[in-house]
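Shared chain: chain A. Partners: chain B in the first complex, chain C in the second.
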Partner chain A sequence: MTQVNRLSGGLIDRNAPLSFRFDGKTYQGHKGDTLASALLANGVRLMGRSFKYHRPRGVMTAGSEEPNALVELRSGAAQEPNTRATTAELFDGLEANSQNRWPSLAWDALAINDTFSNFLTAGFYYKTFMWPRAFWEKLYEPIIRKAAGLGSISFEPDPDQYDKGFRHCDLLIIGAGPTGLAAALTAGRAGLDVILADEDFALGGRLNAEQFDVGDQSGAHWAANTVAELASLPNVRVMARTSILGAFDHGIYGAVERVSDHLARPEAGKPRQILWRIYTKRALLCAGAMERPIGFENNDRPGIMLASAMRAYANRWAATPAQEIAVFTNNDDGHRTAADLAAKGVTVAAVIDTRENAPKTGSYEVLAGAEITGTQGRLGLRSVDVKMANGQTRRIACGALGVSGGWNPNVHLTCHQRGKPEWREDIAGFVPGAVLPQGMSVAGAAQGIFPTAACMMSGAEAATDICADLGAPTPAIDLPSTEDAPVNITPFWHVQGAKRAWLDQQNDVTAKDVKLAHQENFVSVEHLKRYTTLGMATDQGKTSNIPGLAIMAELSGKQIPQVGTTIFRPPYTPTAIGALAGRSRDEDFRPTRKTPSHVWAEEQGAQFVEVGMWLRAQYFPRPGETHWRQSVDREVLQTRNSVGICDVTTLGKIDVQGADAAAFLNKIYANGFAKLPVGKVRYGLMLREDGIAMDDGTAARFAEDHFVVTTTTANAVPVYRHMEFVRQCLFPNMDVQLISTTEAWAQFSVAGPNARKLLQKVVDAEHDISNEAFPYMACGQITVANGLRARLFRISFSGELAYEIAVPTRYGDAMIRKLVEAGKEFDAVVYGTEALGVMRIEKGHAAGNELNGTTTALNLGMGRMVSKKKDSIGSTLSERDGLNTEDALKLVGFKPVDTEHPVPAGAHLMTKGDPVNAAHDQGYITSACYSPNLGCHIGIGYLKSGDTRLGEVVRLVSPLTGLDHDVEVVSAHFVDPEGERLRA
Partner chain B sequence: MIIHHPILGPRDSAEFTYLGDANLIHRPDWQAEDALAQFTDYGYQRKNPAGVHRELWFHEQGDRSWLVVTRNTVTHEITKVELARDVARAEGRDT
Partner chain C sequence: MHDFVEITPLGGGAPRVQEINGIVLSEVTDRALASVAARLGQEDEAKALVSGFIEAPAPDAGRLSGSAKSAFWTGPDQWMVEAPIETHEDLAAELSEKAASRASVTEQTDGWCRFDLEGGDLVAVFEILCPVDLRKGQKGDATRTSIDHLGCFVLRRETDLVSVIGPRSSAGSLFHALETAVRAVR
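Moving on, here comes the complex of A and B:
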């Protein structure tokens, strides 16, 4: 197919033809095209269907503000919905499809919505789908979601990679138009560390879209030469295809660089996009301005676009939407479109200017004081109806119409820290307010300065001021002479009497909808936005907000600045979720921590479980075992009958040293540590300041001034943070230092009747670990395997004769192999977290399920451990009445009366004969397991006054799962209640 | 946000963990007559101002200093950063 609407000139590479597909049809374009420019060159004006009414729509802009020409780009897993055809860079093989139409773009069944538009006005959903309530979720919403909407998603994982990066600079210049380039030259030559970022792939902004010269060369040439000079400066980094998304606190900017979106697929090893966090000393906003439309009857037909966009397509991309065009304007700038297209050989049917004093700008007809009252052409513009100054109506044939309602400075980023823009009457637009994000200044069109020469001057001056601020000497810059036309505009927002004048084409909001909202007393502009949806969705109303505000002002008899604007928030343009996630997805969503015995456990075919970020061996299935409980039961019984080994490295370890180490632990723990002898370990209970149990563990005293504290796996980080808080903020004069050594030591539990015999084969002979020399709760620094330093603790979580032995982490793998080897003669078993859990429940030891953030020492049965003789964190508030009631929950054990019954954690407990409801709740099961030693399920949990109810039978209920049976209240110490084994 | 650490210079706030009101330094005397009431206020009463606020930040991904940061909760302007330990000592915490 030929490119029927391709013009001469432009910045496309005619030696690089590209082939692409749109809605299944193949077209040709050139390198340098966007999807939108290539479609226009191929005579395609119809590019999409509108959100609500499914009206045929064409491209409206030539930039990232595009509301209409949204397409699904690429296919399969890489398919991306709602991509703007105006920013999609053409590449060979590009595949795009239109959205929100069925069965085809030209014939869309749901265009029938348009016929019922009288019903589908603002607030339609709120008013209509009110009743019956249950229908909303099941019936109305699914239908509406299907009928209305934008693109579809692939439901497949994103196949691309995204990265995150950090950059630092003295000055970030946002936008590489004439203002930004002049500023970058000034600051770059002065030696500042500069980043120049622009969302476009061709830098230069409007210079690439205009005919006028800069100095003795074309604007595009001047831009290209300037960018080349900047790129040659070592202190300037030029970032094309990079959108600044937001201005954040303290001079930090977010940006997304589209590294590979202009390629069929990313180069090997390259990400698709990079999310940058840019730290700046100063930022200069040179984001330019955006043209805004005028509202008139049926102003949304394919072929009707912004005048500046039409001019950009002709000048930069050598494409025109039609061979015969017209222009509708309220200012001088619109005439430039007519002049430029006429110069390219396009027929200009007329320039319709709302001003009586419209200038005569070319050989085409200018209709002064005229308005457009209607348009024709369902799938593409055919003609416009013009009401002349003399009141007569004329129909003018044209295939495209350029509309110019004036220019809005791009103030968005100035408002990201709640800055409020201010109205300027002479340009009929908002400019940045006085309060800007820290370190930001604004220059050029973004500041309301429109003539190109003045823009360059403004950019250079702003850069000079910044250089002076940062102490860099600034050489004078000779700026070339260029376009310097004054702004001549008479505000004109919409043609009166129009029934369907589209303001927000993305959301199908008309001037009438704004009127309706006003009638229904939506006074606040924020409410107007939510009620009508004006300014929402992917374009965030970049072209529609100001005309909407103008109409709101007119209706309420206010001035535009009194109506105010809605709040601009990041991101400036739609951003792929993938870019925000970066590499933090799938298995890299967060770090994975592996224990020192991980490789060995993998070799054994262990089943692993996630515990926080740790991967721990859950159990070790043996051949012939078909159910996890077979493995776990075996591991438990073998440990209790002989000896078991378990990697317990994940427990937090904190080294506490200093003259006041014992005094410090006295503050941290509810129980006392001052009198703990060297060479001994003590269990410690840590409270939060509000008296609730925080964590538990042990503290081993290796010297008068040296303790090693352990924490639970889950609380290793918060406990360390808490201890540093107590040390630095509460007791700043204590002589004590803390360091986390969790990762420094590989630690193994060795438990069971043969534990000592096994360890005696591993521990060097000079260390006596007999029961007499190394009794229960002893600790010591020893050596293993002929001199390797190690730490030995005689502590027990399982209730057996048990030790924990620690070696430097790099010896962890060797240590597990040595222990297993030494254990062979005792038929030692290595057990995982499941068996660990079974044995601690059998022993009634509390863990995370019991220390659940609502329970106190009293609940845990450790009330008397809280020393009243000393001050410790939480001791005072633990005495509150509410925490010490007569019927306080107490930790006890539970056994089913019928031993076949389960005892699931989370089940609640009721007194026999009481109704089953919350008011009669007696407590709940916290941890449960099958006990191979008792031959039935057991549980531990909290029961009101539980310690006085041993032997009582209570009801265990779980209304959710239909459980209701009897359990007996027993001591939580199911195995060896006297503790004889662990002292053996 | 950027926090100017008194020892380490400007650091991204992402390196820190936030705790809250710096009044948490003012832990009451456990032996006071009305210790329970004092601890209740200490534990539960916060000013939550829209404006200047002194608050505790922990440099968890850094040197593990607790800092007292004076920050405007409306504008996020940070006017002062001190080591919490220095603040606690200056306020006369005795141990």
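Moving on, here comes the complex of A and C:
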């Protein structure tokens, strides 16, 4: 296939031919091409179909602002929809397909929508699908959904990897056009730590797209030489293919670097993209400006594009959309396109200039004071109709039309923190307002300065100012002489009387839609945007917003600045969700915490469960067990009958030391700790400031000035944070020091009638752990395995005679093996979290389900634990009337009257005879299980005045599932209510 | 001597060592750790305790000091002291005795896992791991940061030797994060 529209020159590498496919057809391009430039060179103007009317569309721009030429890149799981052909860097084997068409791009069945365009105007959906109401979900929405959207996705997981990164610099320069390069040279030579970022793969901005010289070399050469010098400076980092997405707080910028998008596949282990967070002292926005189109009848045909884009394709990529072109402009810059293309040998049919005083710029015809009133060519432009200054109409044959309506400074990033741009009459465009994000300055075209020489001067001056602010001496920079033409523009937004003058080509919004919105009183810009969809979707209206505002201003008799702009928000360009996720996906979504006995548990074939980030053994299936209940029932019964072992390392452990440690715990806990003797453990309940129960646990006193506090697994971090807050902010004068030791000690519960006998085989003989020497709630430092330091606590969650024994974590694996070995003669069992849960419910111990953020000590049956003899956090507010009503909820147990019935957690309780509704609600089940000891399901939960209703039969209901049966109110302590076992 | 066999934070019998892209990534298990926090009003004494033990000035905020025995700053008047496990297995007890009522000492050896990265382009590795800027940093920097959601200390022991100290229970996740970053270096 020959490249029929390839011109001479350009910055492509003709020695590096590349082969690619578009819609199944193979084409040739060159290294340095984009997909759009290569397609144009191959004579392909038709690249996509529009969103709503499926109108044939070609490329409109040469950059990231592209609204039309959106394609699906790659195939299989790597397929990416809605990719801009203008930014897709060509590589060998690139595969692209057009989208939103069926069966083919040239013949698209849904183009019939265009015929009904009179109906499909702004607000069509809102007005049409209002009735009948029931039709929306079943009929309208499915049909609309099917027709909606542009590209398609593979529905497969993204096969690529993304990284997130952090960079720091003195100065971030955003944009490497003439302004950015001059600024980077100034700041770089001054020694500032500079990052220069540009979304393009070739740095230089418009210098690569123009023919004028910079000094004694071409603009592109000057840019390349400057970039080479910058890259050689150790204090300058040049980041190509990097889009700055947003200006965030404190001088932090978000950026996406496309590391591998220009390769067929990323290298093994390397990311496709990196989302950078760039911490800056100062930032200089040199983002340049974007050309804007003019609205006229049928201005969306393939071949009609921005004049600057046409010039860029010719100069940088040596490609022209057609061999005969025309230009439609309202300013001098449009003439440059005609001159450049003529110089490349392309026939310029005419320059149509809306200004009466249009300059004569070349050997081609200039039609001053003329307007385009229509165009022809279904799949590609054939000709344009021109209304001459004298009123006559002329048809001019051309295959492409460059349109220039003036330039809009790229103010986006200046507005990310709600800055308002200001209107400048002389350039007919918005420039950055006075309030900029912290540390940001703006230079060059982004500031509304358009001549290249002035841009470079502006960049250098801004950098000099920043250097001065940051205390870096700035050597004088000799800037080369270059293009310095003044801006000469007469605003012209759209040709009057056009019926279908497209403003937002991505969303198929016409000037007429804006009129309709105005007519229906959607005059605020934000309403205009939502009602017409002007400026939505992937391009966010980069080429359409200002013309839309201009028309709204005209209609409402206002000035453009009075109409204002919509809010600019990050990201500046579309960003892959994968880049936002980074490596945090699939099994790496969050870290995993493993217990000290994890390796051993894996060997046993344990079933694991996620508890927060912890992986805990849930139960240990044995051969022949086919249902988890069999394993759990066995673990429970064996523990209660002999002895069971459980890894309880996950419970939070906080080391509390200092002369005021006891006084501090007196503040933290509702019950008293000051008088706890050394060598003893006490159960403690801590309240939030508002009197609600926060967490429970134990505190063991190892010395007068040393406690070890335990927390629930779930609250290990919140409790530690709370205690640090109390220490640092509420009682800074207390002598107390805190540190977490959760992970430092491997802790195991050994529970059951044979617990002591088992431990006596493990604990070194010199430590007496008999009931007399080491009674219930004792604690102490002991040794195991012939001299390894360990800690022993006589505490019980199961209600059995039980201990918790802790060794330094690296010996946790050895400890579990030792306990299992020593337990063999007692038929000891290792149990998981399920059995742990069953036994604590049987014992009526509260856990996270009961400490659910709404319950008080009173509800838990621990009202009297809140000491009135001292002040503790939450004690005063726990006395609030509302928390102490006569019929307050109380934690009690429930047994089904028919023992076959389940007792599901979450079910609600109703007094028999009362209606089942919220007004008569009596409480709810918080935790439930099957108790192998009682041979039936049991539950614990909160019941109004529950402590006085023991023996009453109430209804257990769940209107959602149809559950309704009777349960008896019993003590929450199903097993050993007197506590004899744990003291044995 | 007791008869328990230890396992490393990664769950192995011996520390794991890997070389990728010219960077040696190694699990380090031969150091004992103990936290030292000054008692109220005893800040200078606690500092002297740390300094005396490591035979170097107690590190200021954000710094690490010492060599055979060392310490890094973890908060106002708080340090983590490091010493060879072979000679200081029960480091906390040793320091606690010296501290008397000047400082609170807590055993931390097994609360953490440590991975050292040595050689190669460490700047490139760390810039995709955490906000610690190795380009600007120097030997002796000690920073608390977050790596893949894990609270870690990043210690610059030498210009081209960095220790990452993170929570022991997540050693596998942390090692995976470090290994992935080392592989991603261009």
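Definition applied: the second predicted complex is superposed on the first by the 983 of 984 C-alpha atoms of A that agree within 3 Å, B and C clash if a C-alpha of one lies under 4 Å from a C-alpha of the other, contacts with A are read in each partner's own complex, and residues count from 1 in each chain.
One rule holds in what follows: a residue touches a chain if its C-beta (ideal position, glycine included) is under 8 Å from a C-beta of that chain, and two chains touch if they have at least 3 such contacts.
Because the structure is predicted, anything quoted here is derived from the model rather than measured.
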**OP:** Quick one: classify A:Ser770 as touching chain B (first), chain C (second), both or neither.
**Re:** neither
Original post:
After superposition on the shared chain, which partner residues are touched by A:Asp705: those of chain B (first), chain C (second), both, or neither?
Top reply: second
Subject >> chain B versus chain C as contact partner of A:Asn786, first or second or both or neither >> reply: second
Original post:
Between chain B (first) and chain C (second), which, if any, makes contact with A:Tyr811: first, second, both or neither?
Top reply: second
**OP:** Considering only touches as defined above, state whether A:His250 meets chain B (first), chain C (second), both or neither.
**Re:** first
Original post:
Now for A:Gln737: first (chain B), second (chain C), both, or neither, which partner does it touch?
Top reply: second
**OP:** Based on the superposed arrangement, let me know which partner A:Asp588 touches: chain B (first), chain C (second), both, or neither?
**Re:** second
**OP:** Check whether A:Thr626 is in contact with chain B, with chain C, with both or with neither, and answer first, second, both or neither.
**Re:** neither
Subject >> Of chain C and chain B, partner touching more chain A residues >> reply: C
Original post:
With the two structures laid over each other on chain A, which partner does A:Asn357 touch: chain B (first), chain C (second), both, or neither?
Top reply: neither
Subject >> Interface residues of chain A shared between complexes with chain B and chain C >> reply: 279, 733-734
Original post:
Which part of chain A faces chain C closely enough to touch in the complex?
Top reply: 161, 163-168, 193, 259, 269-271, 274, 277, 279, 583-584, 588, 590-595, 598-599, 613-614, 649, 655, 657-660, 705-706, 733-737, 739-746, 783-789, 807-815, 818
Original post:
In their complex, what parts of chain C are in touch with chain A?
Top reply: 1-9, 11, 29, 35, 37-41, 78, 90, 93, 101, 104, 106-112, 127-128, 130-133, 135-136, 148-150, 167-174, 176-177, 180-181, 183-184, 186
Subject >> Interface residues, chain A side, partner chain B - complex >> reply: 249-252, 279, 417, 438, 663, 689-690, 717, 721, 724-725, 728-734, 871, 875-877, 879-880
Subject >> Touching residues on chain B, where the partner in the complex is chain A >> reply: 1-2, 12, 17, 19, 24-25, 27-28, 30-31, 35-36, 39-40, 42-43, 56, 58, 60, 64-66, 75-78, 83-85, 88-89, 93-95
